[in-house]
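Structure first, then comments.
First chain written, first letter: the chains are A, B and C, and each begins at residue 1.
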Amino acid sequence: MKPLSIAFIVFTLALLGFSTYQALFVAPTEQTMGDVQRIFYYHVPSAWVAGVCFFVNFLASVAYILKRNSDADALAAASAEVGVVFCTIVLITGPIWARPVWGIWWTWDARLTTTLVLWLIYVSYLILRHFATGSQTKLLAAVLAIFGFVDVPIVYMSIRWFRTQHPSPVMGGGENSGLDPAMLHAFLWNLLAFTCVGIILVVARYRLQQMENEVEAEHARLALAGGAR
Amino acid sequence: MGSSAPSDGSAYSPYMTGQSDSSIQPVIVLQNLVKFFGRFAALRGITESFAPGRLYVVVGDNGAGKSTLLRVVAGLMQPSQGSVTLLGAGTAREVAHRIGYMGHAPLLYDELDGMENLRYFAGLYGLQDDGIGRDAMRTVGLDPDLERRVGQYSQGMRQRLSLARAVLHNPELMLLDEPFSNVDVHSARDMAAVLGRVRDRGKTIFVVTHQSALMEQVADEFVHMAEGKIVSRERVRQVQMSAGSGAGGER
Amino acid sequence: MSAVGVTKSTLLKDLRMEWRSKDAINSMLFFSLLVVVIFSFAFNPTAEQSRLIAGGLIWVAFLFAAVVALNQTWARELRNQVLDAYRVSPAPPNALFLAKVLGNFLFVVVLEALMAPLFVVFYQLRSVGPVWQLVVIALLGTWALVVNGTFFAALSIRTRSREIMLPLILFPISIPALLAMVDATTSILTGESSPDFWIKLLLVYDVIFTAVCLLLFESVLNAE
């Protein structure tokens, strides 16, 4: 591995350690919710990373449809998988937070529900990648990714409207709740740390996919030259 | 590459058409054509060109890549590498109205009768006249007024109708994959003769078949494939009026 | 023939074939009836409660019926590989797509028209809001399901476990449309709120996804 990569990994680990320290010990305890609220420092940055990953997946999928470049497809595969991982973290930390605070495991508020639908869409994308036969898997997956991403704002709007009609508890405070400056500090450190972790995971998965593509290409070259089956 | 004859056709002497081959634009040009299915290379780099107005018979063992070649040329599959240029113009999609394709499978709707099938497919080529379909059916020896659904046709009838569908729109280039499979010998000979007559009208025909004996009387050239490549091309001597060499007999 | 002509001739051909075989129609009609009956047993329809959940029940029932119809969209084209004949011809791919969508749309709308009275009877439904709005919702919502469903059915052709792939990729993406259909239907039946926003949302959804489908169908058709 290149020295730059190693340096970045070390840096990220240090950053993660520091931000965890910030989140768990330095940031002040929330007034009403108590220490449970600290999950917020993991819940929201995970959502952010997932969102960025899915956006990258969208761009990579469009690039693949236009250029049929297998690197674009590799990036799409990598970002979707990492995105689903972080999305899963959001969906798990959400109920863990909600239960002690509001007494319920789940609420169908706009943000959490959109995250769930997002998760469903990209899991279906991963399943399609797994189940497609033939040489056009990448193309079909790219097509589905575009559908999924275009759908996301519509999902959000529809659930927002549904919730104004049928209100119910909102996780993490209402849309306009502000953040105490001391908490903002810890939040931003965690945001940075999670983003770095996300970058490392996507790049690692991307390189893995690239290597798999290279192996396939090499097999193909051999088949072409040797004529062996 | 293994082709034992020059690929631009220039060494062939003028034949039935009486024209010099090198002045005619080739009907198909393959440039380093490669097709992968996963790791398996079905076509391993084919570079050839084919002159128009001939009946080519593609032969080879199972798995040699004959059907794959036809499908790539017809535009049903994209090459993994290389290119296909048809009728001097471009890919199959660009000249779709000038190409006819007949596949392994019948490519027909079982629930419709003969004319209904042909009427629909003629429409896809912009042809509205029923007469075209009726003529096509008669040419292959079927009754246009037969209202039986294709699902109830015999194998031989289905093959004939499939051929009719492929040539309905009077294409310049016809790509036929195993047109004689499951057809009785008598019908197969009739169909081979039909193909010969179509070629005489100036069309180019590619026939993939295991039954090369059937085609000996009408073929212009045998194209031998093995393991994803064209290994040789064999001009077949055709006798016009006199009794002649090996193939013998009149057309 | 123009694209419109090809769409028309393909649609007529499909309808003719459907009419001749009739087995698909009959089994789907019976299936729709079964769904309504089973739902009535599962969700006991006493008058007041039923009006509240009827919107959801009706649309889930329609969704099941639609998936059964969608799954066989391309089945006939794959038999005898006759789809190759279309692909090889100069006819535009989108004409084929639209013909299939329209065919499915007509089909599902007919199923809905037959199931709806059954629901009204079993659940003793009366609509407080205007009924014409229900019709608009039904048409827009059905189009939303059918346009994406037909597209994903084509996608699923190239996958293993074809029948499960279709609902698996269709349902998540259809969630906003389903939410709109259900809530709009409920609000019209109960008369409690206006479905205007939902109608607008469905319209936007339909336009956006019809455009995306038309843009991408050719690539999917020619995928191997």
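Observations, loosely collected:
The criterion applied here is as follows: a residue touches a chain if its C-beta (ideal position, glycine included) is under 8 Å from a C-beta of that chain, and two chains touch if they have at least 3 such contacts.
The structure presented is a predicted model; accordingly, all values stated were derived computationally and were not measured.
Contact topology of the protein chains: fully connected, every pair of chains touching.
Each chain gets a centre from its C-alpha atoms; the one nearest the centre of all protein C-alpha atoms is C.
Of all the chains, the one whose CA centre sits at the greatest distance from that of chain B is A.
Chain A and chain B have CA centres that are 52 Å apart.
Remark: chain B and chain C have CA centroids separated by 41 Å (rounded to whole angstrom). For this pair, chain A with chain C, the centres built from the Cα atoms lie 32 Å apart. Those residues of chain C in touch with two or more other chains are numbered 224. Residue numbers of chain A whose C-beta contacts span two or more other chains: 135. Residues 1, 5-6, 9-10, 13, 16-17, 20-21, 76, 79-82, 84-91, 222, 224 of chain C touch chain B in their complex. Contacts from chain A toward chain C in the complex involve residues 65, 117, 120-121, 124-125, 127-128, 131-137, 139-140, 143-144, 146-148, 150-151, 154-155, 157-159, 161-162, 165. Taken together, the chain A residues at the contact with chain B in this complex read 135, 216, 219-220, 223-224, 227, 229.
Against chain A, the residues of chain B that register as touching in their complex are 34, 36-41, 44-45, 63, 80, 227-228. Listing the residues of chain C that touch chain A in their complex gives 148, 155, 158-161, 165, 168-169, 171-173, 175-176, 179-180, 183, 187, 193, 197-198, 201, 204-205, 208-209, 212, 216, 219-220, 223-224.
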